[in-house]
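Encoded as structure tokens, here's the structure I'll be asking about.
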Amino acid sequence: MAARVLSFMAHPDDMEFTCGGTLIRLKQEAGCEIVVATATSGDCGSVRHRPDEIARIRHSEAETAARILDAEYYAAGAMDLLIMYDAPTLRRCTEIVRRARPNIVITLPPADYMVDHETVSRLVRTACFGAPIPNFWTEDPDPAAPIESVPHLYYVDPVELKDPFGKPVPPDFVVDITDVLAAKEKMLACHASQREWLREHHGMDEYIEAMKRTGAERGKLIDRPFGEGFRQHRGHPYPQNNIIAELLRIT
Amino acid sequence: MAARVLSFMAHPDDMEFTCGGTLIRLKQEAGCEIVVATATSGDCGSVRHRPDEIARIRHSEAETAARILDAEYYAAGAMDLLIMYDAPTLRRCTEIVRRARPNIVITLPPADYMVDHETVSRLVRTACFGAPIPNFWTEDPDPAAPIESVPHLYYVDPVELKDPFGKPVPPDFVVDITDVLAAKEKMLACHASQREWLREHHGMDEYIEAMKRTGAERGKLIDRPFGEGFRQHRGHPYPQNNIIAELLRIT
Amino acid sequence: MAARVLSFMAHPDDMEFTCGGTLIRLKQEAGCEIVVATATSGDCGSVRHRPDEIARIRHSEAETAARILDAEYYAAGAMDLLIMYDAPTLRRCTEIVRRARPNIVITLPPADYMVDHETVSRLVRTACFGAPIPNFWTEDPDPAAPIESVPHLYYVDPVELKDPFGKPVPPDFVVDITDVLAAKEKMLACHASQREWLREHHGMDEYIEAMKRTGAERGKLIDRPFGEGFRQHRGHPYPQNNIIAELLRIT
Amino acid sequence: MAARVLSFMAHPDDMEFTCGGTLIRLKQEAGCEIVVATATSGDCGSVRHRPDEIARIRHSEAETAARILDAEYYAAGAMDLLIMYDAPTLRRCTEIVRRARPNIVITLPPADYMVDHETVSRLVRTACFGAPIPNFWTEDPDPAAPIESVPHLYYVDPVELKDPFGKPVPPDFVVDITDVLAAKEKMLACHASQREWLREHHGMDEYIEAMKRTGAERGKLIDRPFGEGFRQHRGHPYPQNNIIAELLRIT
Amino acid sequence: MAARVLSFMAHPDDMEFTCGGTLIRLKQEAGCEIVVATATSGDCGSVRHRPDEIARIRHSEAETAARILDAEYYAAGAMDLLIMYDAPTLRRCTEIVRRARPNIVITLPPADYMVDHETVSRLVRTACFGAPIPNFWTEDPDPAAPIESVPHLYYVDPVELKDPFGKPVPPDFVVDITDVLAAKEKMLACHASQREWLREHHGMDEYIEAMKRTGAERGKLIDRPFGEGFRQHRGHPYPQNNIIAELLRIT
Amino acid sequence: MAARVLSFMAHPDDMEFTCGGTLIRLKQEAGCEIVVATATSGDCGSVRHRPDEIARIRHSEAETAARILDAEYYAAGAMDLLIMYDAPTLRRCTEIVRRARPNIVITLPPADYMVDHETVSRLVRTACFGAPIPNFWTEDPDPAAPIESVPHLYYVDPVELKDPFGKPVPPDFVVDITDVLAAKEKMLACHASQREWLREHHGMDEYIEAMKRTGAERGKLIDRPFGEGFRQHRGHPYPQNNIIAELLRIT
């Protein structure tokens, strides 16, 4: 049976920026079923719309992007800049992992450009650990059943490929995304509101260009035009074999 | 345009016990659209199943009962005995009110046999007040739009028609449910697990009989075999006219 | 020494609606020092401005109105529809009572048109009880000293002079505000944004007229054109004599 | 088998003030096993000692008083003026009810001189309801088993026998404590620190005298020198027969 | 006077796995008094029993194991997968440190196989810092007195001796446990339920074998059959000398 | 226009210990406007005074020290040992950043001698990120407007210049404070209560000497008598140029 892959990030568009190409390949080449989740709906992502309005808009943009992967989309109901490692958020994240029933989970790295990203990394790490445990109730009103085992866990590259002190963070391995770059770009372009907002907040009007620059930098490590880097979580009891490399025949 | 009616109670089966007959009449005679909501999924309602298991069972039973009314069913994710008047619960209740977009809301009375019921009464009262206010964000990841105006608000009878000190609580008016009693009984019977649980916890093996006894007592007030009593919330700015009486031509 | 009077309400303009006339008389006739406080800054009070923007506007309107009484104005940092009886809010309310050092506190009634009002009533009741107790720390970063004794506590009339079921709530006594009505109206008119908002949300474009109607209804009880009603909290250990009546020579 | 009686109040000395005489009679005449609990350890009860110090002192005074009844003493870890109806406090109160395994529970009335008392009344009401329910976990690290059925629930008189507006609150029935007044006084006298504190905070240097005055007022209702009044909670599913009256042969 | 040693871990059996041999030696050779604490009672540690049931079982197993060390056992009331660095948990942990009055505290490392372990590491670090500070009240209803000074703080090896990315974590020093291995095994075997659960959840039916494997790997570093590794916390103001090495004459 | 500099630390005196000399130079040589903030008021900093009393004393000492820099002083209302990365604290920190409107923020390092310091580091990092975002409301009752862009962010040296395992933490660059050491000492001396407390708690009666020792150690790195070390946060989207070095002409 084909593997199920859950991308669980902090904000809408994090997936599209970091591992969208790999997800496309996992779907196309390995027949994986993809599920997309984010902690927030991106309520701070606008200088024009109120939090509830932009959340509604970005939730819809994320659904559109996920549809390109034939993926269901879940948002965990956290709020931008306020993602907390606390019991309610952890329960909601675990409920999402249970609904996705993944063999592979991809999340943000433990050290990244904003604390929201780092917190999601820890939340997802624990959610994967807790998802198979029957006594860990998510308090969901219609809870999914526990999954069968702890999934493989991977971290994408941090933003700008560096830690908060500017030190480069080398990946364990790089996935060649050259052939799927156009599709990745198309997914990213679904986030129309975010593109505009990043332009206004960060002075970075080149949403797509930044993604390509990062991809090109990672591509260099494997002598290919574009790549996406990953590190695997190897703590106990997460599976230790590199299933993504196996599925994509990376050697 | 036909009125939309939201029944918002504490636990699955509260609606079926208290105002199920009236909802049937509102649907059949006045063409109302019905929506059903509860604060919890009834996680304490078993001596056999764990909280998550019985929640899943009762959520499904409530959906089945709601289907008899062609009604959507929402559970607010609170937990039995732990329904709190706090910000997260209030936001979730308000989100449900916004999704239901009701003209009429029916909830539990401010003084009732358990604190959960009393808390839901206050939560729903405020949720109705807040649902039209744009600046009151529910923090839902895909939030519904505010509704247009504060709906009519009604309280059903307390359990056993008395307050915590045993004093009778007279209704403002009584709806004759004689002709829809069988349908009400059928809705109540959907809650198979609860019937069994009440038998074990309260020593009351006559789930249906208790409902009929209460209905008969209220029926007496209008010289009919069976009735359901209501009181209307008449504080500012809730609508003051008795729209249920108007729709059902009660004089 | 002249008495110090603290009006502690839920939202900006509650004071101006309910007891503004009495405060003017206490200041003019009895030389009282007035302090004004509200739980929130009115963040839901707009269909046009975001919560932070309308809070800033209404905070400034409340200061303007308080200035007519030469009063300092404090807001406790709660949010509209979300005023909770919890530890952080109770501590902040107690800190305000300690800064005001009142002999008399006027607050909202225990049963009123919205739950926010009822919650403030309980918060202020406890804050008055706790303000003199040295071991009750407010956790303020620069805390005021405990006050010397529990102040007199009064409740204003509920909105529309009725409880949530529409039953009239008779006052203990009525203060004649006929001669200060113009000044009360001036204070109320400081809340320009609220006037507009009530017009839009409640369909009540007669902000000032509603205040006058209520005042006229209370005036009838004392055979005067305009009045404001009060009930005194008489639980232990709050002072039992009616100091407002004494100061204003009401018999 | 003799009944087990749990007195569950807000602060150390509440029991001794309100129902100490009745507990003595239940123990002496009906062979009841008594358990004593309070929500707090009285951390605000001093102008001299820090919260932790006075808590330690009062916890020990409460144990001493309980020993007169051969009773175990539990404190629920809440704090003075900050007793909240929230999940953690409710869980701890339920754990205490389960450890006590009572047939009869006596608590404070729903309307009383301070909010702490009113909150304990609701907490204990729900704790009695939840104590027999297996799915309601207290999250205690070494949890007691659920009890077999909901106990009888009684409310003592409010302080000064009146509600917050000064209105008298008549009891359902009065227990004659004339013959055990000396023992009740001895229990109350164990609270040496509180006696001093009330003198300093409330200007009431007659700790014992106040208790006797209240007892004398209640005694009048039954033509006896001293009495203690009670009301029974008669909501569903609490037992409806008056077991205290039966045990003490009150007619 | 002999040193007092507190082992403060996340779950029952963490101590037995990581530093049980060292505790036995500290007791036998240096006459230390041992105290054992865990954050949770292991409520998720079963696929058969409900959380409350398995907590009761594992609490009792932990007591049995502690008895081999003549040690008292405390559980801090946190829940599996939900150990949070928050005020209530920190207060309870500090209360336990105060009751234990240790000179030496041994806890989990800051980076380990699950977030629960990492959080306990931080909680215990702060609890040691705060335990001597009089103004830091634990809010315990019968609080222990502050201790005299910050204790020595040690971290055990992480599970499988590696960090979450699989990188080995070398210890500062290794304690030879060869001669006490049998006693360590006996302590670990007290956790009958956990042995079974790990078998079912992690597919690792060799509870004892895993412990021995880890011990053998650490033993290699000191050329002995079995060892336990430690790192010392050397931040200000924790004592800087290696008291465990001194007591066990490790050079 | 001259730069605005915000020092945002955990406790009163942290700034004076770590970057006081640099702030003096930024003010004197570059005409910077300085603002000083701390998370707590130092409520645990005494063995003599209750938390509220010592908070009041230390708040005043911090104001006195800030006055030497002509700086406003803000305290965020957190409590010693209990600084949490949670929504309320993050909102208050962001409000302070908005009021200060800084171009440069200096805070504590991510790894330091106590968890409070590490938590403040993360709080301030996020507060700087969120301060320019309009949709991130601080819930302040009179909120400041968002700032224009993310400020430069710097970390001071950890206490004793080492991480929790005792490993030295080298700075990115060192500011020569030799010529302003006397003024730095004067600021530090404003914290009279803390000097005494550190003496009692840590056995370190040389408050000033410790500061000089640290300064001398850092001075060595630049061949000067006294220095203060800094690291710059270089994650996206914080400005990447070293503005402090530019302003002080450090090469």
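Lettered A, B, C, D, E and F in written order, each chain numbered from 1.
Here is the rule we use: contacts are C-beta pairs under 8 Å (C-beta built on N, C-alpha and C of every residue); 3 or more make two chains touch, one makes a residue touch a chain.
All values derive from a computational prediction rather than experimental measurement.
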| item | value |
| --- | --- |
| Chain at maximum distance from subunit E, centres defined as averaged CA atoms | C |
| Pair exhibiting more inter-chain C-beta contacts, C-D or A-B | C-D |
| Equivalent interface positions on subunit C and subunit F, same or different at half | same |
| Interchain centroid distance [CA atoms averaged], subunit A/subunit F, Å | 35 |
| Intercentroid distance (Cα basis), subunit C paired with subunit A, Å | 50 |
| Subunit C, residues touching no fewer than two other chains | 50-51, 86, 134 |
| Touch list for subunit F against partner subunit E, complex | 43-47, 49-51, 54, 80-82, 84, 86, 112-116, 159-160, 162-166, 201-202, 204 |
| Residues on subunit D engaged by subunit E in the complex (per definition of touch) | 40-41, 50-52, 55-56, 59-60, 75-77, 79, 88, 134, 137-143 |
| Parts of subunit E lying in touch with subunit F, wherever the complex brings them together | 85-87, 90, 110, 122, 125-126, 129-130, 132-136, 231-237, 240 |
